[in-house]
């Protein structure tokens, strides 16, 4: 096949860098533009010397016309609210596809987006919400195949949604009282300097942060509600049940990885083997989800630098709680690996091309 | 005053070492015997060169008669189930006091102990359970003053109990559905070699472990139940309500510190200021508990190498949950600092002598 | 081409695991036997869950006949002195090739081997020394092509020899007074438990070790002497000049990577551009050596999980010293990546197959 | 005695914070002003919550008159070149003493200072150079007793000078060809944000930096030259021998600590016992220097959070080199602990008051 001509807008942030790392091994793509407004004119391998001898390419300024002219696919890996303006313009050229790694097109409801991000959609970007698909291949593979705009999920949401999807889609657990205690490595916070990520402040430390208002919450709730209220023709509850979670992110003093520990109440006393079957059934067609047989549990090191999301669980009979633990690499399955997985699906390639 | 003659049985484990570190600065004690069966005959400053120029003392074998002869107080810092035999013999000499850092005398119910530790109490040790006091000064200061045997609490339990005590003692939160998601540094697992603590396996990793059966659970439940069912003449529920928690410990790739994130349901819609007042009231006489004003939250680095337990909280209105976060140093307030605090109380010294 | 049938003896040590990690992506090999005497009968993905969904293979006991029967190439990744007995037997079957990752066949002089490893060669293994080639492709590519036995270099030696080769081969620096101050991550010490690698002892620490007698010294001296006294027809010194180095290894609290800082005296006042040219010339045919233009310098993170050896230098005019800094990943270019590079050369494949 | 009234200018940098940490335990001081231009009006325990319940004090703006009015001693813990203007004004009030933690008064030669710091001394500050004493108590205790201005040494210099002083003072080693390979934790670089200290860039990394021009070099050379050319009436060389070192700093991914590995040539074949005696003799009156008996060697963890400088050595007979390894905590003996040690000496207190 002809190689896919790929451009990256936001090439020097951590997601951009991870995209490059992965795409360098992808057999069917060709890198066209690497856009980085902070490092225009520098070579990517000056900014990231790890790419020396592997990639020799100058970083360019944002020129949408040029990008539209010679790219088939654009990854936008920008801070939240920036893509709102860029993506509509890119997609005005209908032959282009966009995978947006920000939150800007993840929330179906523009008002909800405003509530959490304090930014209004424009008429154009709001219009795009109708065609945007939430890029979690384990849930929306078919839609991803045909959509011009994939809103690539956040790292915490990927971890939480994949961990809980079967419990909610199959109505095994109560939709109320869901607790998600999530722990992320530092690269999740990006490359922007801040005191909290200054080495001597972060090293040998551990803390919760944004304890009540982390903006990954609406995304998790949107998708869990969706799963609970109508997954694949599942008989709906008589009344729509919106899912509200309690979510607490924590900062781990490591570079990469997320582990989420989730607590739910089972609707009846399923035994652990039944639950395991439901999970295996739900993910039987998902090459990047690995289900652990109890009592084995995921650990962050098993998934670092891979596109896997590992899921395990334990049934706490004494307390009547099911604990679900899911682990992934926030930059890979939690961002750029998933984006490439989406690209593969959009272009009819095997889902794991360049990802194993 | 005359100096307290102190011996440590189990002087080269991490709790023993931390005891020495603290006691070196304590103005009213004199170290008599440092017992370490693994390093008999070596100088403590060969095993721990950090003590060079500060402490010059040979490690000795366990000789209970010698210890009883010339010690006023003995810290037993041994693996669980070992103290069961040693402590009764030490206390047969009635002038001696013992602070036991193991779990052996923490559980009031010998059967419960058997269930979690697979070890039977002897007649003598069972007898001692009656006089043993659970050494959490914030709850039992008066009893500690007069008891010959203090069962020094575990690290996770100190963190969880102090974090939740006011909510349960004052019946602010529901006694059911309590979730404790705890994260500990590696020194909590002791100095014994294991693959999970081998540097390349533990570094840059994070995992849950002993997800269903960690033996700190019964201790937490005993004390929370106690608080809920009859704290300081509080009107009891008509019926005794045993508290069952869901507890998940995780291993942090750091050396010292525990942070516990706890989730409870409030019995009514208290506002955050009210909750704060209850906490400040409960701990008004506890110099080592620091309550954080919301939205400030504890972090592990604030308590490392100190005897503080820091507590903060956030009320998650959307989900109807109160989150309590408590942090302490597992070796200090979670073990040896607390043991010295107990010693101070037992000898009528200011509670913080040698601890600030 | 037919796939190379590869077996690994010592598959569960860190070098064995790294071999598997790399070989999983190698298009021209087939894994036959994974031998691990410690984990016989277990699946490799139970020992290393990171391989779940990627490799499903049982670990077997050492059965040399079976290995010889159905393998083309055997990697022996065993503790030093164990290969001495195994390799001769494997090679008695002449169609097999062996890449030995231990030190057992690196030293040309069996007496020197005895001095540093306190182990005598057998008649058979001593005989093999004649055909064994030191597996540093940047120096011995031609010999590696045809040899049945490649003695894969140590991690520190790869870093030191590649860093200094041009200075000595071209007689730019004095052969006396060479100082190599090397720092290695912890995986270099292997998976065997030891107090020094127990997380709380190693974390936040840094130390020198084996300060006078590290057994990588003779290997470095053998190769540097070789380079100095007769590299590619270079006019030899009238007298053979044995090179003696002063080598100090240190332990970094990280998982992977070595950085060596080397100090030499230039024989005359070469300017930095001249030195750079010599390096680029020396390595013009070496795809895994990256020379940094001053003042840029290698860092460990640039090479982690890659097969590159990065080299930089600085000329300290004030002190009359040239500083050479080289960095590599001790498990990749310092062990298993280099082993695969050697395999590629032995089988006529592009040197970087499966390594980029 | 009356308490010493102490003010700190630059109280919220890492050296300032470490001063506070130490002074909180010092029995003979009273903290008067904590000056921090970045955090004026905030409480120190908001900036550093670890001080909650220990110190309740507002940070103030720089008001030299106020400071002079009510302080006996001022610690200036400011970025280099800032003290040049402040210290002369403080000392115009003759009853005040100043301990300056910057480099501004360490170099005796104002031209040399200009060469390395690109900043000219003023007439006043140049005048002060005559009375300023280099605050290394192990060398200048007597002068420190009486000087109004102590120039507190840098962290690397303290480590290097203490490590090498006996070898040079007693003319045991050659003054030429001295190599100092130093490794420092990240707090040495201060609290100012920079990409190199951003957690994901620094974690799991190791690198050399400022390889040729680190501004601690002149300080080390000044003091080593001094020691070599005239330590305590030692017969001088016929000719003054200026010492030039080759110094390479590296960045360790840890929070605190420096370890320097130094390489020198002995002037004759001293045995290790002789060298040990010279060291013990040289430091017989220095409570914070601990000499290790070979083959034991210092490690960073032995000195963290202490004021010790640990020194060990190994004689590399094969290469004819003596290796000296010294370790200290860059914030304590390398900065604020040493400053307090100096204060103790200036006020006739036992040298280790508040430091053990």
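Order of writing sets the chain letters: A, B, C and D. Residues in each chain are counted from 1.
Heads up, the rule we're going with is that a contact is a pair of C-beta atoms (placed from the backbone, for glycine too) under 8 Å apart; a residue touches a chain by one contact, two chains touch by 3 or more.
Fair warning: this is a prediction, and the values are worked out from it, not measured in the lab.
Each of B-C and C-D has its own count of C-beta contacts, and the greater count is at C-D.
With centres computed as the average of Cα coordinates, no chain lies farther from chain A than D. For the pair chain C and chain D, the distance between C-alpha centroids works out to 40 Å.
One simple way to say how far apart two chains are is to compare their mean CA positions; for chain B and chain C this gives 48 Å.
Along chain C, residues 204, 253-256, 299, 301 each make contact with two or more other chains.
Across the complex, chain A is touched by residues 24-25, 49-50, 52-54, 204, 287, 290, 292, 296, 299, 301-303, 305-306, 308, 310, 356 of chain C. The residues of chain A lying in touch with chain B in their complex are 177, 179, 181, 183, 201, 204-209, 211-212, 244-246, 248, 250, 252-257, 259, 261, 263, 265, 295, 297-301, 304, 314-316, 318-319, 321, 323, 325.
Contacts from chain C toward chain B in the complex involve residues 14, 185-187, 191, 193-195, 197-200, 202-204, 253-256.
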